[in-house]
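Note that the chains are named A, B and C in the order they appear, and that numbering of residues resets to 1 at the start of each chain.
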Amino acid sequence: MNTTHYLIAGASHAGLEAAHRIRLVDETSPITMVTRDAHPPYSPTILPYVVSGQSEPGRVVLRKPDWFEQHNINLVSDDELVAIDEAQRQVTLKSGQQWQYEKLLLATGADPIIPPIPGLEKTPFHVLRTMQHAVALRDHAGKAKRAVVLGAGLIGMHGAENLRHAGLEVTIVEMCDQVLPGYFDSRAASVIEEAFNDNGIRMLMGSRVVEVEPEGEGCRIQLENGDSLETELLLVATGVRPQLDFLAGTSVANDQGILVDDRMRTSADNIWAAGDVTQATDFYGDKPVMMGILPDAVTQGAVAAMDMSEDHALKPYAGGVPINTYTFFGQQAISVGQSMAEDGIEELTRLDDDNRGYLKILLRDNQLHGISSINQEMDAGIMWQLILRRVDLTPVRDAFIERPLETGRALMSSTWR
Amino acid sequence: MATPALKMKMKTAGCAQSIVCDGNEAAAWAVALARPDLVAVYPITPQSSLVEYVSQFIADGKIEAELMNVEGEHSVLSALHGAALAGGRTYTATCGPGLAFMFEPYWRTPGMRLPIVASLVTRDGITPQCVWGGQQDAMTMKETGWIQIYCETVQEVLDTTIMAYRIAEHHDVMLPVNICHDGNYLSYGVTQVEVPEQSAVDDYLGEKNINWHVALDPLRPMAVDPLTGGAGGPGPGKFVAYRQGLCEGMQNALGVIEQAHSDWADIFGRDYAPLVEEYRLDDADYALVTIGSMTGAAKDAVDSARERGERVGIIKIKTFRPFPVEAMARALKKVHAVGVVDRSVHYGWNCGPLFQEVLSCVYRTGKPIATGSFIGGLAGADLTETHFTRAIDRTAQLLAGTEFDGPVWLNEND
Amino acid sequence: MTAYNTIAFDPSRCELCNDCDACITACAQVKSGTDNPLHSRIKIVAGFNGNDPELALCRQCGDPECVKSCPSTALTKNPETGMIDWEKSLCVDCLLCTVGCTYGGITYNATLKHVAKCDLCDGDPACVKACPSGALTYVTSASIFNEQHEREDLFVPGLSACQGCNSEMIMRHSLRKVGPDTVLATPPGCIPGMGSVGFNGTTGTKVPVFHPLLTNTASMLAGLKKQYNRMGRNVTAMALAGDGGAGDVGFQSLSGAAERNDQVLFICVDNEGYMNTGMQASGSTSYGSWTTTTPVGSQMKGKRTGQKNLAMIMMNHNCEYVATASTAFVEDYYEKLDKALEASERGFAYLHIYSPCPTGWRFPSSQTIEVCRKGVETNFAPLWEYERGGELRFTHSIDNPLPVEAYLNLSGKYRHVSEEQLAHIQEQVNERVKTLKRFAGMN
């Protein structure tokens, strides 16, 4: 039986930040990290750029082997957590290895959802979450001429753009009638859609796939409206969902993701969870939410680690705030917090003459509720903090509405000194 | 038989040379022989020539010590504290107002259990402004925890100053010692003295170990003098333990002083009564109690009175702190009346301080002894055979049952 | 570990309100060859509601959030320079770094079409050179930590000082630097009051430590040092004394030891009074100060006399080394401590450290360093040093001081000060600087 003090499953943003934080206060207790990947740690966010060839797999390694050595962290790669015995504080890996832990962090991220589309099971298609996926997709893209992307979420949009950069004819099929729902309002979404259209990507919004079937090298895709698409390459990007099979037999409560409190503790003793695998407190509401964004994975990893290592500086998790910094064909769409006004929310919008610049501020009781922009300079990190800290903007309200950038900078800088 | 003041053994083993000098120079010779590490000086009459001699000895290499010319007595003793805590043997001398200015560190020295030796070339108190001898300065300090030993002769100043290191540094004692010699009379009185041999003194004093019990040394880090006491926690008990330790050290000193003197007599042939000297006391009906250099004249007066048929003797105190209660009571038991001659004043009791302490011992004898206080020799005034004859007469009247109120001021008509 | 440099900003000196944008233009020039402020990586923004200006600039963080948010490894902290390096060839323009950063330190540049951030101009920042008012300075920021964190803190944890106590900071910094071959004297006052010598047989210090009398610190140490010299052992005799024990009742022994040039490292922690015993005035208490023995009433408005300038008096003893210091300028203090320590091997070294006291001076415990800083920046507590035989040398510019109110306003002990008193204090500050300048050979 192998033993370790801290066992971290997952070696991506949440897991790596956790290991780093633990080492800030606990230099000696053994840390072991287990990752499913054979490839050294990388970010899933980089994968679309691997697909386009802009990024090379060898140059996107988040932590080199010497980092693990320096921090005295044992990294077990190419293996997978498959079962947890919470009473004995033991885990079993796919290889059969068993580990005894004192504290366990689950930071295993999320896996692509495979939609129940008839015919999909017998059709070759791609997903994009791991380096293996990316390399396979890149290699295939090199040979293909046409690509269809199912889903206009983050992964789909990034995937589509990069496939376009790789020289393919690309079509996006999305059930909703706008891209990136939840992050951007319809006006911003339309600017994004326009850019995609302008760059030769076919946008089939509000379309449903009813069936797929293999055809030659590729496949044929049947839409609900009767149209059909032919393609050599199919990328399924209809969302992600944590894979939680390893929880079987444990008392770890879960819904869509693992339920955690504001210190990232699960319902089971000595087990924490962080990152895309969790369903954590919502900053805006009472129901726990799936976040699935990188900055949040880092934050949750930090909170979990501080709690695990009993770091007194711990500040409980303030709740998830949706954030998106989206660059598409040289333009930027940024959104921090809520993007849609509801009751009790004051909405202020500004549109540039050429219709390309756009700014929307949502205030609730003179606190920032959300801000989104297109092609405007924007310090997303500052806005995020203004929301999280519920900074009262009353004394600077006019200035903030007039010049959110400068005012935000002044506010943050004054808290720093 | 009375204990003789000085048993002269001719041709003693430890004698290096015979010189003619005053008490201040004799003390300087003793310092040279004791090999201190650090001497700090600040001049004051009538001590000044003493520190001049010591400084010259250091300048001449006769004393291999660090000399600190300090800006005042307060710092003099403070520097000695520092050196002693670092393990050094130390020396200084002072008196009168200088001693008063030194009071703050002086008061603290016994509590720190630092075996510092300091000569007090005793001087009367001010005011009236006065620069002459008297024991008011030393007597004022009697409640501070220093050992106080009073010398009678110049030779005794030399010998006792060396003995002081043996006493102070004894591990059962670890207390500072004042060797008191009378300003003017002993400081400037010139006689012939024997200077012991260095090697014999080295043997007599042995290896020094000054800071085994309390030290400021990075090799043995400790906190010296944390705040101790208060009304709760371990404080009160700890404070009492320190006080008890100091009292114990004081009491231990009595035996150590005796031993130091008898060893001295064995090596150097000069045998002094360490605590209380009895002179012509065994067949006496009454006695004078004396202290310091006045005793010489008192002895002459007693000798003369004896010739007249008076059965009178002398009880001389040498060690005043710790007070030799047993030795004093033993001596007192032999007589029916005593006249105590003080060279200082005990304010508020209208008598001399020595008188007050002798009185406490009378109770211990379990017998009624008539007592009277005499005060003389203040501010450098001479105490002659005539003065002591007067004291003897008055004490004889006491014996006959004529008591008197208040002290007899021996110099009031001078 | 190497020391890192960074750009420090002093908003109270910034001339933005007078339309100065020298730094922004200078940065835009070196980065783009144009004056377009959009190309500047340093942005000075107006403080809201008339407050001092604020700064948006990369802080070259120690635990940088931008780096953690970057999926491409384009951002890294350079272990040599401490700088956050950005590698263009790796960047994928995702802007996630701008989410991590809360200072506006890394931002998207629409002309360049990628993010841009301050790179300290390879160690010679153009903005600092361009700044006409001294608001921007290029300082070695983490050097203190880098150099000192390996050294042992030779005081025990949990000394019972007040929250925000500057003296405790001075003690810990000083002894940590001076090291274990030291005998430490802490005369009565806040320092043993917080437990340096401990209570009832316990100790608060890991080196030999003692309570001298309030009056005899310097002479006790002098004797001790002499004895160690005699024994051929190198032991530092060090004092951490309050201003009362140094300059009032203990002054005679201090002066004597300085005159004899005894080998002592004497550090005076000046909190302008007897704070430990309930905030009574000392000779070091400044004019106008409220204390419990210079109270404010109808007949008296705080201390009626000026403060004794102990550091200057010590300089006139011609000691080996004399300097003033402040915890707001710790690098400066460490340099002086080094020199003083070395000087104490030759003779008497005296350091006078201004030590604002949150409890006795009535300011929030979070403001200690700010009070220290303003003391220096108003010339109320100028920083200088003097080496035997040399001239006085200012170690922090005395030019363009802030008005003395900027310092007085921070502490409750000056709350009652009238216009006339204020003018008097300003006058005293000016006079003192004038005197110091004469010693510095300046006019």
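Keep this in mind: contacts are C-beta pairs under 8 Å (C-beta built on N, C-alpha and C of every residue); 3 or more make two chains touch, one makes a residue touch a chain.
None of these values were measured; they are calculated from a predicted model.
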Set of chains adjacent to chain A and to chain B: C
Far-end chain from chain C, centres as C-alpha averages: B
Length of the line joining the C-alpha centres of chain A and chain B, rounded to whole Å: 91
Approximate Å spacing (C-alpha centroids) for the pair chain B, chain C: 54
Distance from the mean Cα position of chain C to that of chain A, given in whole angstrom: 45
Complex contact set, residues of chain A against chain C: 13, 17, 24, 42-46, 49, 54-55, 59-62, 294-295, 298, 323, 325-327, 330, 332, 334, 336, 375, 377-382, 384-385, 395-396, 399, 405-414, 416-417
Sites on chain C touched by chain B in the complex: 180-183, 192, 197-213, 215-216, 218-231, 235, 237, 252-253, 255-257, 259-260
For the chain B and chain C complex, residues of the former touching the latter: 37-38, 40, 66, 68-72, 74-76, 78-88, 90, 104-105, 108, 215-218, 220-230, 233-235, 238
Chain A contact footprint on chain C (complex, rising order): 11, 43, 45-49, 51, 53-56, 59, 63, 65, 68-69, 71-73, 90, 92-96, 98-104, 107-108, 110, 113
